[in-house]
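Next, two complexes with subunit A in common: one pairs it with subunit B, the other with subunit C.
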Partner chain A sequence: MSELARSALPGASYEGFVTVTEAGLRGMITLRGDLAVLADAVKTATGCAIPAQRRVEQAGDKAVAWMSPDELLILCDYADAPGLTASLTKDLDGQFATVANVSDARAVFTLRGAQAGDALAKLCPVDFGALREGEIRRTRAAQVAAAIWVSGPQEMTLVCFRSVGQYMFDLLSRAAAPGSEPKFYA
Partner chain B sequence: MSHRLASGGRLIDRARDVKFTFNGKPMKGHAGDTLAASLLANGQTLLGRSFKYHRPRGIVASGAEEPNALVGLGKGNRYEPNQRVTTTEVFEGLSAETQNHWPSLDFDLLAVNSLVPQFLTAGFYYKTFLRPRAFWKHVYEPFIRKSAGLGKAPAHDARDPDRYEQLYAFCDVLVIGGGIAGLQAALSAAETGARVAVWEQTAHWGGRAPVDGVTVDGQDADAWIAATVAKLDGMDNVHMRLRCMGAGVHDHGYVLGYERVSDHAPNTDAPRHRLWRMRAGQIVTATGAIERPLSFAGNDLPGVMLASAMRDYVVNYAVAPGQSVVVVTNNDDAYRTAITLRHAGIGVPAIVDARAEADGPLVAKARAAGITVLTGKGIRKVKGGKKVTGVEVCRIDSKGTAFTEKFDCDAVAMSGGWSPVVHLWSHCGGKLVWDEAHHFFRPDASRPPLGVDGAGFVRACGAANGDMGAVLSGAHEAGLTAAKATGATGSAPAPATDSAPDMAPMDAVWMMPRNAEYDLRMKMWLDYQNDVKVSDVQLAAREGYQSVEHTKRYTTLGMATDQGKLSNINGLAILSDALGQPIPATGTTTFRPPYTPISIGAIAGEATGSTFQPLRRSPLHDWHDENGADWEPVGQWRRPYTYLRAGEDRHKAVNREVANARSNIGTLDASTLGKILVQGPDAARFMDMLYTNMMSSLKPGKCRYGLMCDENGFLMDDGVVARLSDDAFLVHTTSGGADHVHGWMEDWLQCEWWDWKVHTVNLTEQYAQIAVVGPKSRQLLERLGGMDVSAEALKFMEWTEGRLGGFDARVFRISFSGELSFEIAVPAGQGRAFWDKLLSEGADLGVMPYGTEALHILRAEKGFIMIGDETDGTVIPQDLNLNWAISKKKDDFLGKRGMMREEMVRPDRWKLVGLETLDGSVLPHGALAVTGGTNANKQAETEGRVTSTYHSATMGRGIAMGLVLRGPDRMGDVLDFVGTDGGRIKARIVDPVLYDKEGAKQNV
Partner chain C sequence: MLLLTCPCCGVTAEETEFAPGGEAHLKRSGPGSSDAEFDSYMFNRKNPRGVHFERWRHAHGCGKWFLAARCTMTLEVFGTYPAQTVEPPAEIVAAIKAKRPDWEGFA
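Up next is the complex of A and B:
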């Protein structure tokens, strides 16, 4: 029934010294368990190996992000998430592992521009000078939880809870306001 | 009179005029001026009145240490009090107002305080205003409020329109201070490859070396500064900031920096201030030193300035502080000022030197320039009223009863030696040593602030380290070792060689003359801003104050906005002398961040307006907003209290919603309820520990209401648990409790029961959850189709899942209203579409959304408790007659032991009952029942309190629940509740369940 689904702030976008865009619906699946136990099922479902600490592994339109020593986050198309959740659950049957579709619990934003790190540095206690492509950080943006990864050249992706999507968009827009470039990282 | 010189001024652009106003009077300065320089150039030396005595005050310093020259800057929404003119860069349209005078700066009636200064000595407030007691409120306080204090607070309705922000940053080596020492330290650190940041609080690199005539490799310091800044600027691993003050050094290399981004250029897009939250591996403080005043009578008159400040004004801004300046000193450094003044064509009638002999190279140079040097002398007193008119000189070792010489002058330059700026070194525990040669405290390199590894993480260099001669070599060493300590492996070339003239030793002079009598001592200011004098500190010592911290608070020495930058050392020297002990034995007061005041805006950062606090919005938020929602906060969520229709007030709207839910269908946005997945082989065991009742016996497909207590047995949360499978439960929590309960679960799993195989996942936001409530609710769901929701297929307290009206739905048949009721969870993204579908499909069935107040009334009519209303952290389940939900079969659960304690099993605990007012009115929330007697404290004795109270649309009268002493045993008793007007409201104790006691309506 995904045609009835809408993301937290459909079409929201702000053009500042970086461009902030609500990325729309994304598929996300939380996996908890011993990462070695999860490895085969993850490989089957996504084609990805278990990511190293704070890394994102990518294969085609799927990716797997390291969340904690016993937690992974699978990223996929929104429409694929229910099916993938079901097959992972089946593959991990009998194991001490938990699979949960959390796609709807999240809002996703894309920040584009050379100074994306400078905008986020106003909100997140993260060393953006040390954050590499394919690396993910679980952190906070001002007063709420967020995860950030470098999703491409001059591009970062930020995930937060859906309920604070508007708050996050307001924060990011304000942080990206022209004239307020801190010019620390770029 | 102060004035602009015809030539010179290394920091100003004479071609560019800047217009501003001072107390409404138009004035003109030059680009590059500080406001202080512009004001002096305009002949304005009187700049304010002092705190207690309303003494005329002028500029003393040229930088952050300025105690006197504080003004109110800006107007209206941008008005800001207590701004230092010495650190304010002048800009077009600047508006400054003086402070603390009445009725005017020139004519201040409150200056009478100064005529009777013995009335306001140290501790005067403590001693005088104790009695009679009633005088404090009506006489003393109003007078003190009018008389004391500096700037006014901004207007209550003023709203700061400027933007502020914070920035998290990281570096290996942070150098604080951009004088030549700081630049060298940064360069040496950067050459090794370390990531380096350099902050300078002023608008210029280089510090005071150019003013002081320092040479580097034989060239003027300016040339070396320009070259070094250019070099640093070109390095990728170096980040440089002007107008950025190191405000505080905290544990783990965390440093706050206060960047005044656009104070000097308002009305741009830039934020006004930026608060840097820097994590530095190592910190180098190169914060320089501050010159000390000398304590002589009248040292606070406008025109008396620090000698170094005076040459700053002449060299940097081409501003002469007067036509004729007497220099008074105990060291060689002040001779630089005399020479500078003389070169600028300003008269120097005499240099008054407290030392018996003066013969260093600078002294020789001054003498050669024809300046009279008096040795073994001091200033007896400064003459003048609102400005200096002359000085009387006496022998330094005398009592000062008579003068030996007299000079006419309109300004006095004083130098009592220097104090290294050790603040940042000290913030995190760096210790100091007393330097006998220079008579100052400087950082003790052997006792630095320590990091987690037990090693120091702050180094001081340059004047901040007490290096009063050449500094570059020490700064190089500091920068290099700091970089190495962060793991840098590169090397740095040897530094350039700086040189300054040799200085003869200084003399400690803490009072001038040394044996001054009382009438002189009570005119010697230590703390200009708080009006604390030599006589005050001496009085404190006589009254038994020995600790410098106590003396500080008793006399208020160093407690003003300047935090005693000029007064600290002078004050504790006077105290030490009065106590007959050496200065190091007295010690300093504690140096605390921030170094100078920082704006509240910078501290607030992004937390204003729509981003003041996160506001959590449910997937249906927009619909509520568009349909009359009258919001109420629930945790960080906003939930509709009710939906107002045209012509309705809250009461009417709530009654409509309640009545409709009881007769047709009500829909409630329950998405905010916590939904936590608990899964794993040990999930059932874990659930039995979390809840007071048995959860392991719950069958998949079934729901059960449960209570959660903390270790003390106090009720913490409640909700419906659904067993999803043998090893999975879905825990519903209260809206406000979800995050706490999730954290609580993880706490137990990670810290106590780490070997239990249980996972938790907080799925609160994955689902939109909608309650469909009322006698026609099943009809509506059947109309949506796709799922069998008949009484036989889906019994009360069961759940099922599938497709409902085309949506992915999980349907729980549970009721918090007493009606036939379903809660339906769909993925959050589909929530709005599902809600719309319910409303359109159910239109002819009378479907109508209801808000939280109707929810409360519906549950209160059924006698259901609400966490936060019936509970307040001191209530156990037994108080609420919930013993049925406390398992006796389980060996243990969280709170079990707590519930067994004597206090919890006391028979006379207040317990839950229903309350029915005799007149049908609604009891005030929280109202107390009184017995008419008094308790041990002679207060009215109480025997109960209201926990929930509403007007019931169903009953047509007020209903309430409350906790009452032995309440359930007293059915039918009438209690006296105190109304908000103090009157008594009679209410009878009744059964809390008022509506459908048998539960027939929900079970159809």
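Up next is the complex of A and C:
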């Protein structure tokens, strides 16, 4: 199975005033339920505590993102996702919670450059000046839903549905076109 | 532009990130009610010019429903509050009274 796995747009990359890259396969697991109920299982699986509102907790190669008052997203290596899903399902057996491996349902893009916020501001109704490192913001990019995570200094990671991967890449590339810098945030 | 703050995730965003859900605090007239009551529940809306209570969903964000009090004339938002309330909470009513002293109150 896994040797057949392909990311949404393998190797897609665009060099503009920010660099847009398709981040390749990324393991993602959606957890739903009362966050207090999920806490122990999340700690065992990832080593992370439950993140505060709209924050991302990181521990080694795994991260946990706060998606809504009853939803978490675990980010991990693609190969680890099925195993992690199985162990979480076992841990949460009998609890009112759901675990789903959504790795293949998503596309991930990385935007690098000081002006990543400027490029995204063309597409999203978000104040990127107020977005801090380690914060995640679910919003829309033009017509489709997206989650944007400030993953490092001058780096943002954008997650969207795989079905709109090409649309998102085209959007981001157009927004990052050289000469079109809004110069609003940087 | 209408700026709303989602009480579920704390995000302030403009209205294109949300989906409107019509008038809030409707009381359902179900089985056992008269045809007139059901007709009123189904079709009659206040549609006021001024203070209005509405349902909104943070469709492109956390996905949760919440309620908002706003003015339909000026788009001024008096406050947002959780959907699990049957009538506007006291602090919302106070905020409206402070800005619209002649508002007749929630009925």
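The working rule: the second predicted complex is superposed on the first by the 186 of 186 C-alpha atoms of A that agree within 3 Å, B and C clash if a C-alpha of one lies under 4 Å from a C-alpha of the other, contacts with A are read in each partner's own complex, and residues count from 1 in each chain.
Note that contacts are C-beta pairs under 8 Å (C-beta built on N, C-alpha and C of every residue); 3 or more make two chains touch, one makes a residue touch a chain.
Bear in mind that the values here come from a model prediction, so they are computed numbers and not experimental data.
By the touch criterion defined above, A:165 reaches subunit B but does not reach subunit C. Of the two partner chains placed by superposition, only subunit C is touched by A:69; subunit B is not.
With both structures placed on the common chain, the touch criterion links A:186 to neither subunit B nor subunit C. One of subunit B and subunit C touches more residues of subunit A, and that partner is B. Using the contact criterion defined above for the overlaid structures, shared-chain residue A:140 touches subunit C, although it does not reach subunit B. When the two complexes are overlaid on their common chain A, residue A:54 makes contact with subunit C while staying clear of subunit B. By the touch criterion defined above, A:129 reaches subunit B but does not reach subunit C. Taken together, the two structures place residues 125-126 of subunit A in contact with subunit B in one case and with subunit C in the other. Interface of subunit A with subunit C (complex): residues 53-54, 67-69, 71, 125-126, 137-140, 145.
Interface of subunit C with subunit A (complex): residues 8-11, 13-14, 16-17, 60-64. The touching residues of subunit B, when paired with subunit A in their complex, are 163, 165-170, 195, 239, 268-271, 274, 277, 279, 605-607, 610-611, 613-619, 637, 677, 679-681, 757, 759, 761, 763-767, 803, 806-808, 827-830, 832-834.
Across the complex, subunit A meets subunit B through its residues 1-2, 4-7, 25, 30, 32-33, 82, 96-98, 100-106, 121-127, 129-130, 142-144, 161-167, 170-171, 174-175, 177-180, 182, 184.
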